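Look for chain A in each of the two complexes below; its partner is chain B in the first and chain C in the second.
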Partner chain A sequence: MTTAAAAPVADVVRPRRSGGSRRSRVGAVPSKATGAIVLVVIGVLFAIPLIAMTWFTFQTVGTGAFTLAHWAAILDPAQASTYSDLFAGIGNSLILAVIVVVIIVALLLPAMLLAELRYPRVHRVLEFVCLIPITVPTIVLVVGFVPVYQVVQSVLGSDPWTLAFAIGVIVLPYAYRPIQANIGVTNLTTLTEAARSLGASWPVAVWRVVLPNLRRGLLSSCLLTVSVVLGEFTIANFLGQNTFQTALLLLQQTDPYVATICAVVALLFVFALLVLISTAGSIRRPRRKKS
Partner chain B sequence: MTSTAPSPAESLVVRGTPVSLVDVVKDYGSGQRALDAISLDVHPGEFVALLGPSGCGKTTALRAISGLETIDSGHVRIGDQDVEAVAVHKRDIGMVFQSYSLFPHMTVAQNVAFGLRMRRVASADRTRRVQEALDLVGLGSLGERFAHQLSGGQQQRVALARALVTRPRVLLLDEPLSALDAKVRVQLRDEIRRIQQETGITTVFVTHDQEEALAVADRVAVMNAGVIEQIGTPEDLYLRPATEFVAGFVGLSNRLEGVLEHGRVAVAGQDLVALPNAVQDGPVAAFVRPEDVLLAEEGLPAIVLSTSFLGAQRRTVVQLEAGSALVVQHAASERPQPGDLVHVAFSGRPVAVAPLR
Partner chain C sequence: MTTTVRKSPARTTTVRAGSERAVPRGAGGSPLRRRSVGWLGFAPFGVYVLLFLAIPGLVAIASGFFSADGAFTLANFATLGDATILSNFANSLWLSAVSALISAVLGVLVCWALTAAKPDGFVRAVVDSASSVFAQFGGVMLAFAWIATLGTGQLVPVIIKALTGVDINASGSILYSVTGLLFPYVYFGLPLMVLSFMPAMDGLRPQWGEAVATLGGTRLHYWLRVGVPVLAPAFFGSLILLFANAFSSYATAAALISQGGIIPLAIKQQLTSETIVGVANTAGVLALGMVVVMAVLMTLYSALERRTRRWQR
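Moving on to the complex of A and B:
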């Protein structure tokens, strides 16, 4: 018996495909005109409420005449006490944003790197845990948080910053996804192995090779975290804390004009964050040396 | 006027270091050992290729040398030092990976300088050595580019320069050519060999491409199922394969079943002189290279199944009347057509004879 190993076979006739010249448009890149129409429609959809809200802030009560009084009121030192809760709420929200970002960078990122580089079997579990909060309504989470926070408050006090632990849970899906997407398109395993083979210890490999290549995902994650924290209402309200959103609700009942101004500014701020996210990754670093 | 500056290769010359694997075992717990007590000695300055099919353990062996893979038992020696307990970054190795591994956020020059920075080489010396390493791989003018601005071949050249610039004790190449197209692969293969010979660095090269292994290596270790089947020069492997697996894996061969008697193998009535090995008389499998089979006027009758033009030669698959297929390599001037009735004869002895199992 003989075996002809790997012999190339010639004279192979392949069946010809019929209708090969027809190209499907399904999945094709839209034309420039289509893109422009979509962009304009969506732009108008978003712009109309913003413009209406902004227009509302320039109207006088009753007459509807144009006025800058509502905008000036926020900046008027004489009325500072009127809006003190609002400013305190903004301050609390910003502090919360910083703490939650620190939690993400200090806990979630290392956990994801360990799962990617050292313990791939944990990867699925970590993903599952991080995505759970998006499937559970916040109000349900809050019901669970209430008894937990009775303990937290007895240990750490009832300062607004303690909300960071609860909000840190609900931002997990938003923080996890951008980092994971970045990891998915970066061959971190090979890059770290290359760095280590060149003499870098684990910490140095992570600092000099991994983190610079996760910059886009990490930045997106942090900005999304900030926008979620600034928009969070349910947890703060049910746990009785003063944040930007809870203060805004109270202000709405007494001064809807200033509340609307704050809402417009907050929306523009989040919009700016999203623009920053989308451009962050396309920024080509290095300045080139002139020869 | 003559220049006294050393060539790039001279400045990167390293003293070859011996590398040894001694009874190395690695078991992932999948039922079969990835490395089953393999031993391998690589001499100083030698270029050894680990060749084998996917999953045979060749990459695991390489990673055991690098330290990227821990071993269950045995010893890994670089120079006169057992390095099982030495961390990867302290083993003083250079490594080129199968997938592109340049750091995307760094320029080519910064990539090459990375290992030198880790060793705290002074800036001026670093700049000079980076340029020399890039000159060595023919990319001296591309230091300011980023990885995404390079072709695959250029990226692997940079990876090679990056691995060599630190003057490591051993260079480990993990299928560095497999992602490249055929033409670039051959060019870079020859370049790797040239650079290895110029620098004198001990090199272990993993590949599943036998042509690649035979073309560049001083010795080739053929691996299968976690063991080394044979270690030898490319000629040894091709002309004197030690096992049935090596005979089948290295080069094309026809496996012919026959009977060994008094040093001759009878196959379908034709006599083949057997190799003087220790196989006892009885039923055997003989391995005959396609170039040792002729299309002749007389011999075993066969029908041509297919034929392929290879340039100077042609490879034809024939079906013996006995029922089995046979590959024949012959001059391109002979043009058998599928369906032709031909005769085949054997012009050489089998490269290996193994007892029939």
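Moving on to the complex of A and C:
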């Protein structure tokens, strides 16, 4: 068996990735054309609602004729007071995003590194805890948050930033997975052992060896966190706080055009941000040699 | 801070290729000094999780067991016999199942198509980013998009009527019904499938394809003997994840439907006004019902996840 298999190996291996882009057609990979067709068809289907939404913002009330009035309205200082709740909500959401990222980096990340490097048995517990917010839907947690926040608000006040603790919990699965995925493919134990055997202290090993290797996972974890916080609606809705999403829904009842404009802009903005950072991340990353 | 001499010299030779996956993870190989102090490192995270995850979770589930004046009771569970609540549960279940199935099948197709693109390339970056936006960020805003698409008098229903003669909004706008929720639910379900299934697809090593070809197998053989068996646990795991995500989703439905219809909306109704006579804390009972459904799903998911990971090492 082994000798029979050994002979053709050279034939199969030779054409593979000679120029980098040319791939042989074995295994799962579809041809470039097939792949492109599938992506274009589904991409077009997904674009339709976005196009319809954008088109909607250019329509005159009633007649449907083309107009720029709605876009002008949101930039008009004279009407700023109409949208003051919206702007306040956006501000609140941005503050929340910053606090939640701090929670993730200051609380979750150290626990994950500690589990990976020193207490491997805690892994299962940590993973279980971080996946609970998927198992227990936000809407269920909210039923518990309502009484808990009566206590929280009597201690910390009822400012919107206090929501960060609740949102931090529902962000856990999104924050955990990219970091853990990165840890899974990076042999951290070996790397830190190497660093330590070269004389690095634990803090130095973590700062100069572990964290740089987890850069990509951390980055996508933080980005996901930010996008989840900015898109968070359920908790703010139940606890009666004004955030971006709750403000949008309120505005939709009085001025659906401007609400839709904000939605289009927000969707495009977050999309552009994610594209920008993921492409920048991959350019910076040293090319891995697979040979 | 003393340096630690590693026990096996064979290990150190693999350090240069540290990012490769060839070496099994050396669990328990790290120096364990001051063991008891190290555990304290988990304290901040532990306290946080206790205060904002364990307590709210327990409160939510336990509240169903107490009457309005705080006495223990099982009477609240009469809620589950209420016809409206039962139909809400049924709606939630079929909406989640159908949307998850459609999203999963189409999502696999997208993942497969994506393997033709370069892993670090622009196409992958665009699809990944778009998927994140739809799956995790959309919520209320996706509801707006669908109102502008399928709402009464909008372009798409008009075009469909012109082409086929069928008016999808004949009996009120389709979007404001539970069936209509299928559109936005697939719209955020499919991207979630791409996000959760793509790592499994990437885990298919080119070497496996070469091995099959070397042994004289066709691509059909490859799919039947390697691809499908390896990907199946990941597929069903992702499918369960999609179901759970749809089942617990609230924002999109809340932006479209103001009355009840699915369980998350019913919980909101019950929290703001107790509508079932003689039953207290209905929201707590409904929350418990959701938890039971999710617990069953997640048990399945973790079993499948364990099988998947075997191939991703």
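Some notes on this structure:
Note that in this section the second predicted complex is superposed on the first by the 250 of 291 C-alpha atoms of A that agree within 3 Å, B and C clash if a C-alpha of one lies under 4 Å from a C-alpha of the other, contacts with A are read in each partner's own complex, and residues count from 1 in each chain.
As a convention for this text, contacts are C-beta pairs under 8 Å (C-beta built on N, C-alpha and C of every residue); 3 or more make two chains touch, one makes a residue touch a chain.
None of the values given here were measured: they were computed from a predicted structure.
Here chain B and chain C are compared by how many residues of chain A each touches, and C touches more. Once chain A of one complex is fitted onto chain A of the other, the partner contacts of A:105 are absent, as it touches neither chain B nor chain C. In the overlay built on the shared chain, the residue A:31 is in contact with chain C alone; chain B does not reach it. Within the superposed three-chain model, A:212 lies in touch with chain B and out of touch with chain C [touch as defined at top]. After overlaying the two complexes on the shared chain, residue contacts for A:95 are found with neither chain B nor chain C. In the superposed model, A:228 makes contact with chain C only, not with chain B.
Residue contacts after overlaying the shared chain place A:122 against chain C, while chain B stays out of touching range.
Common to the chain B and chain C interfaces on chain A are residues 5, 8-9, 186-187, 190-191, 193-194, 196-199, 201, 213, 285, 288. Those residues of chain B lying in contact with chain A across their complex are 66, 68, 87-90, 92-95, 97, 99-101, 103-105, 107, 114-115, 118-119, 144, 146, 159, 162-163, 166, 172, 248, 252-257, 305-309, 315, 317, 320, 323-327, 338.
Interface of chain A with chain B (complex): residues 1-11, 186-187, 190-191, 193-201, 204, 208-209, 212-213, 215, 285-286, 288-289, 291. Residues 5, 8-9, 12-13, 16, 21, 23-32, 34-39, 42, 46, 48-50, 52-53, 55-56, 103, 106-108, 110-111, 114-115, 117-120, 122, 129, 131-148, 165-166, 168-169, 172, 174, 181, 184-187, 189-194, 196-199, 201-202, 213, 223-224, 227-228, 230-234, 237-238, 245, 248-249, 252, 256, 259-260, 263, 266-267, 270-271, 274-275, 278-279, 282, 285, 288 of chain A touch chain C in their complex.
Those residues of chain C lying in contact with chain A across their complex are 1, 3-6, 11-12, 14-15, 18-21, 23, 25-32, 38-39, 41-42, 44-46, 48-49, 51-53, 55-61, 63, 106, 109-110, 112-118, 120, 122-123, 125-130, 132-134, 136-142, 144-149, 154-156, 187, 190, 199, 201, 204, 206, 208-210, 212-215, 219, 222-223, 227, 241, 244-245, 247-248, 250-251, 254-255, 263-264, 267-268, 271, 283-284, 287, 290-291, 294-295, 298, 312.
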